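Just below sit the structures, each encoded as structure tokens.
In what follows, chain A forms one complex with chain B and a second complex with chain C.
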Partner chain A sequence: MTAMGVDHATALRSWSARAPAPPATGDLPPAELVRHFHPDHQADHQSELRVGACAGMRCPSGLADLLQANAHIDDVDLAGIRNLHADVLVLGGGAAGVVAALTAARDGAAVMLATKLRLGDGNTVMAEGGIQAAVGADDSLQQHFDDTLAGGHATADPELVAALVSDGPAAIRWLMAEGMAFDQQNDQGDGASTLRRLRPGGTTVARLLSYRDFTGLEMMRALREAVLLQPGVEVRERYAALELLTDPHGRCVGAVLLDLERERLVQVRAGAVILATGGAGRTHLGGNATSNHYGATADGLVLAYRVGACLREIDSFQYHPTGLAWPRHLRGLLITEAVRALGARLVNGDGARFIDELAPRDVVAAAILREIDAGRGVERDGLTGVLLDTPTLERERPGVLQNHLITLVRLARKAGIDPASEPLLIAPTLHYQNGGVAVDTNGQSSIPGLLCAGEIAGGIHGRNRLMGNALLETVVYGRRAGKAAVTTMRNPSGRAVGITHLGDWQRGLIHAGLPLDRRAPVLFPAYGHADIERRIHARRKSAL
Partner chain B sequence: MSADRKVRLTFDGQDITVTVGTSLIQAWIESGRPLVDNVGCMGQGVCGACRVLVRRSGSGTVETALACETPVEDGMQIASVDYFPAHRPHRYDLHAEVEVESAAAKPIDRIFPEAAHCRHCGGCDRACPRDIEVERMVNLAATGEAREAAALFDHCVMCNLCVAACPEDIDPAHLGQFVRRMAAATTTLPVDLDQRLQEIQTGHQPIRRPPSPGRHES
Partner chain C sequence: MKVLTHTSARTPDLAAWLAAGGGEGLQHALTETAAIIPALADAGLRGMGGAGFPAATKWQAVADADADEKWILCNGNEDEPGTFKDHFLLTQTPHQVIEGALIAALATGATGIVVYANPHAGGTISGLEDAVEQWRRHPLFDRVRAHLDQPFELTVQLSSGLYVGGEETGAIAAVNGGFPFPREKPPWPAQDGIHGQPTLVNNVETLALATHVLRHGADWFRQLGNTAPGTKLFSLSGDILRPGLHELPMGTSLRALIEDHGGGMLAGTPFKAVFTGGPSNTLLTASDLDVALDFDSLRARGSRLGTGAMIVVGAGTSIVRKTAEYVTFFADSSCGQCPPCKIGTHQVARILQRIDQGWGQPDDLEALDNLVELLLGSGRCGLVDGAATVLASSLRAFRTEYEQAIGNANRLP
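Let's look at the complex of A and B:
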């Protein structure tokens, strides 16, 4: 946020004088807007990977630093540490991890689920909008398939998309059986209910199922109880994964975990490992604010890449157009897309509209960044964005804020703003990792024994994700990976299990002239001052 | 500029000076201290991870709050409430409960027997940062009005403060989720969903792939 904008008070006067602002005249085609202004296309923030299975692939420099980092631990750290065992080890405690754990346990596996914060702490609870599934009579699996593929600019793997949409209705039934509520309606008056459906951006038909405007929270509440009560699942909270274990054949056979409470390492040998560690928003790629949970630091992506897993589309991230830009302590938090779907306009510092507010997310985000770049943004306390015109929306549709935008109103109140009388200052916020670890329809990565589910998996959305397909992905691929882990798990064999893959990795770093003292996964954002090294080596020091 | 005004507060025994207009969790971060637990959604107020006890300057009472959505005030005293380990004393199998729902005795008496022992102390109500009528939910559940109880628990953010506050070990948060889950799981399958599932099962929802398939990398 270096560009200066129009001073906030001046901008409010312009807005007030011109409201309702007339439609924008698009002077740049959408593709040009995205190419010039979307963060994915800012060349100075991108680098080429120089080591590993995807050497030559481009990604944001901040992510490249993590993917090409050294491990936190050496062989010596494993001497004498506790050994635990599980048939299936699940890393991550959001919806994808919990669904995978439930599925594997019900198929007879002894499951350990490890998560670095609490069970349920992840981006799932923050999902407001809903979950897509083609259940309407005017809808079909084909339409969901076509919309998803087109939304991802035809870059997703069609087989992965087909699996996603085909399992959609069954995933909803499964969630209901776990005790998740969905909004329903009874239009015919015959006692037979149907699911309430909304139309998400980028789709041809109303397909978004929801529970109020906190669908993800409702989902996680039910799943959290389910997994806590599930025989055969051992949940370990505050256990962070530092490294995957491999055998001499390159199979993944477990992980080294850091017990954050006791500050000690444990190793878990497992027949199969499921990564469900989510995304990367809290690495603040390109210095951007994020809508993500505190724990979203790309840990699983780093671990998978270091044991040789192939990645895809890791240069593609979704920036949600409307994150809060002010006040500072709420920066990056999400204002739901529903507010624009209901008719709210975006207005720059001159009180003018500049984009069709319902264009795809990447286009709207790029258009906002262009306004800021050109000095037409709105500046308040050194933070720059554009105005989201909620007062005009409320004037045009009285009651809309209280009835349909409960979470928005609550958030505005925290910012000290009455959204019925003052516009919110918003700017694009880093929201979702479109790509990730390359998987097949079972969530199987290119490394035997290593599966993925949820945001960490790549190929399901291509280069852009539709609203509502993220929650669906966690359930569909959580179930698929959980099932596949049980059928493909192997008894981790013998003494040769360890972290010997690090030898080749470190030689590769040295060859490429990359530093050995940069370490990952980082586990927490930089401003968390976690001092992981001290926590890992506390025991080593006390042994001396 | 007002944004530069500072306030002083005591957070987990440490004196912190921070800028006004910030939240308690951001104040802790701004002070440069480590933050590796009791943190989550950072302001959205949906995860219940950052529970704190707060006493405001000049006040004799201590209140519960979420640190991510509570603004700093001069002279505040704050103490984190640590998380609760994932241990569940009240065990049940939802799928089995759904099957016997109509036949069996009230499941709440069996699974949450302490719910009938509520002594109406109001501790759970005071503990809830979402102002849920927790005690009323417990009482409704105990008298068999499970659906009414479920409706009251809609805004729960899983902070578990009511669990800590209850002197009778009722586990209100988990009782609340039990009645909510039962209500959802015993709802008749929506007709549109049922219809679509049948179409899929009978092969009436084929998916044609595009003529030039995308990449297969794995």
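Let's look at the complex of A and C:
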């Protein structure tokens, strides 16, 4: 966002003179907005994959570099390392991973859940808005299905969407049974309360269930307790996955993990592997700010692609319309969509509204970028965005900030702003990987023994995701993948379990003229200075 | 010079093969039957299944045998890691193999040919049956039968796919309808083979080459090679840029095979070793790079050409892991007749896996050294020798890798 905009002080004067601003007229159809202004459609940041199962597919250049990288380790690194065994190995400690682990363990499998950070330390806890499920009397599975498909511009796989929405009500019941709380409302006057429902952006009915504005955190709280108390699940924190293990038939039979604490490799042989490693925001594709958690570095995508898994829609990312644009040190952090669901407006530097705030995310994000491009953004300390009109919202619904937007208030306070009196400066932020590994309705990838759940899976949202469908996806596909892993797992006692897939992979890189010294997965953003290479090879060097 | 892999040989269609000059060798054999074995002797053709035994000697022994029934066993059972030449010959070029077997039948006066093929090699069987059927219906086949002047049959038989079924006595046992148990030799197959009758067991590559020797003559064949006659199919795999089947002059250097034909080491990693043809032989290491790849030169270096499989290992690949993998293959493939092989290979595999998987004990190396001594020469067939040889040579050439793996071992429970 380098384009110049309206000076912040001037913009505030225009805003207060016009508030509450009248609705926007919408001079460009949504599809045109997206095509001209959405980052997915900026061809200069995209490149074509030249190796692997999806050679020819386009994706952001930064992601292509990772997908077409060499492995960190060689076969020789596996000699003499510790071997561990599990029926099901789950990689990733967010909601999808934990749900999958719980499900597999309850179906009788010995489960190992490995995460490079700590359990629950992921994007799940940052999900503020809520979770969609068609539980209302005025709602139906069909409406949820239609909304999801339309929100994704009809590019999602209808079968995957059908599975997602059909399991929705059961997923909510399951979460309640795990001890998760939801906001209730008592509007029938008969003393009985029902689940409070909000209308998320891009939908036809109020379908969003939430808990304050930290729904994901509440969900993870319940899941974390459940998994720690679940017999049959061994949680290994600070174990990062470096490579998947394969057998001569191409089946995935485990993974090589780096124990970050002890700086040593272990290999886990497993009957099935579930990838639940989330998305790619922290690779800052296209140089964008991100709302994502520190660990979202596309690790699972890289590992799956290297063993030959098919991907889909990896050129499609969701930019959340309302990331904080100022101050610099908080740039990219998320302002929940619930604020718009509750009625907050977006205004440009002239104090005017320019888009229906409840349009799908890609449309709203594109509209904001259009304002900024056209010089109608608001500029403060060299950072440009548009204004989120929280003061008017508070005036119209007194107490809404304190009661429903706790995280927003806290974030505003960190920025030195009182959201009840001053609008926040916001801009789109890299938020969600719409595509991912191609899966079926069980989360099964194209590689036997390799399943996916959560953000890493593609096809469920198409080219755009609706608010509240991500949390639902983690639960629905976590449960489906966990169950399917148990029914499809095989004893991985082949004679040649290893990383021999790397030979063909490296041949492919050489023939395509790609460098061999670029390594992935990166595990942490570059500014984390995690020094992965040294940690991997610490023991190899000390032994020589 | 491509002979076996020449495009004219790569056809499922007998008419196409004959139109491209196939059948000439068989014509020569029909007109001058007595000259067949001398031609092989002059050509210096050796057995390509791994032993490198002179083909003419073997053929002569069967030709000289006095029996009413004699057999040609065309051995295409290959199952060992890293070898894929027979699969190519049987699926891509069946007619030069069958023609070679017919020539062998003429030379030895055989009453039958059994094409013995591994069913695990995908696609082998239907194409092979079809190729055999084309021969059976062809006038050339009638001429062979007329020339032999006795009942004569040409059949395809599926092997069990087991590794021991490739050993010549194991193959005979399988064709006779039993489990492919190898047995002691002598009696040699030339004395006591299929149905107890004299039998010529040849690898499919040997028979295919015989076709070309008969067609072009011994001098032509001798000139194909560098340090020894003919060409050889090399199954190149491992940490190499262009793995695959390479037909090269016999005696091509290991360096030329890797660098000129294999495209060099994968990802520029330094060369470490080659597991040759089995992988049941002494490892070739950096000091062997300029050795000529032929039977005698490698034997002089204490190794063997074997089947021509060359599994190249670079610095990024663990010798311990590879050796564990191959010994485990031998252990799984042991038929269990000979106690040292049945128990010993598993014991070695267990220790190697233990070292590889981080549970190696300090005295494991000594145990392995002792097992090598115990196991060499302790079986009826060469299986246990293969396991012991590859183990011994990896222990000798790469002992520090073993020591490191054991040193890195995790001793906590």
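The working rule: the second predicted complex is superposed on the first by the 523 of 544 C-alpha atoms of A that agree within 3 Å, B and C clash if a C-alpha of one lies under 4 Å from a C-alpha of the other, contacts with A are read in each partner's own complex, and residues count from 1 in each chain.
To be clear about the criterion, contacts are C-beta pairs under 8 Å (C-beta built on N, C-alpha and C of every residue); 3 or more make two chains touch, one makes a residue touch a chain.
All figures in this text were calculated on a predicted structure; none of them were measured in a lab.
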| item | value |
| --- | --- |
| Touching partner for A:I510 - first (chain B), second (chain C), both, neither | second |
| Chain B versus chain C as contact partner of A:V76, first or second or both or neither | second |
| Which of chain B and chain C A:E32 touches, first, second, both or neither | neither |
| Larger contact residue set on chain A - chain B or chain C | B |
| First, second, both or neither for A:L330, with chain B first and chain C second | first |
| First, second, both or neither for A:E48, with chain B first and chain C second | neither |
| Touching partner for A:A226 - first (chain B), second (chain C), both, neither | first |
| First, second, both or neither for A:G498, with chain B first and chain C second | second |
| Set of chain A residues, in rising order, touched by both chain B and chain C | none |
| Of chain C, residues touching chain A in the complex | 238-239, 241-243, 266-269, 315-318, 320-321, 325, 328-329, 332, 355-360, 401, 404-410 |
| Chain A - residues contacting chain B, complex | 117-121, 125-126, 134-137, 140-142, 145, 149, 154-159, 162, 165-166, 169-170, 172-173, 176-182, 184, 192-195, 212, 214, 216-217, 220-222, 224-226, 228-229, 235, 237-238, 260, 293-295, 310, 312, 327-330, 333-334, 381, 407, 410-411, 414, 438-440, 444-446, 459, 462, 523-524, 527-531 |
| Footprint of chain C on chain A - complex, ascending | 70, 74-76, 78-83, 267, 495-496, 498, 503, 506-507, 510, 516, 539, 543-544 |
| Complex contact set, residues of chain B against chain A | 1, 3, 21-23, 26, 29, 32-37, 39-47, 49, 69, 83, 85-86, 88, 91-95, 98, 154, 156-158, 174, 177-178, 180-185, 187-193, 195-197, 200, 205-210, 213-218 |
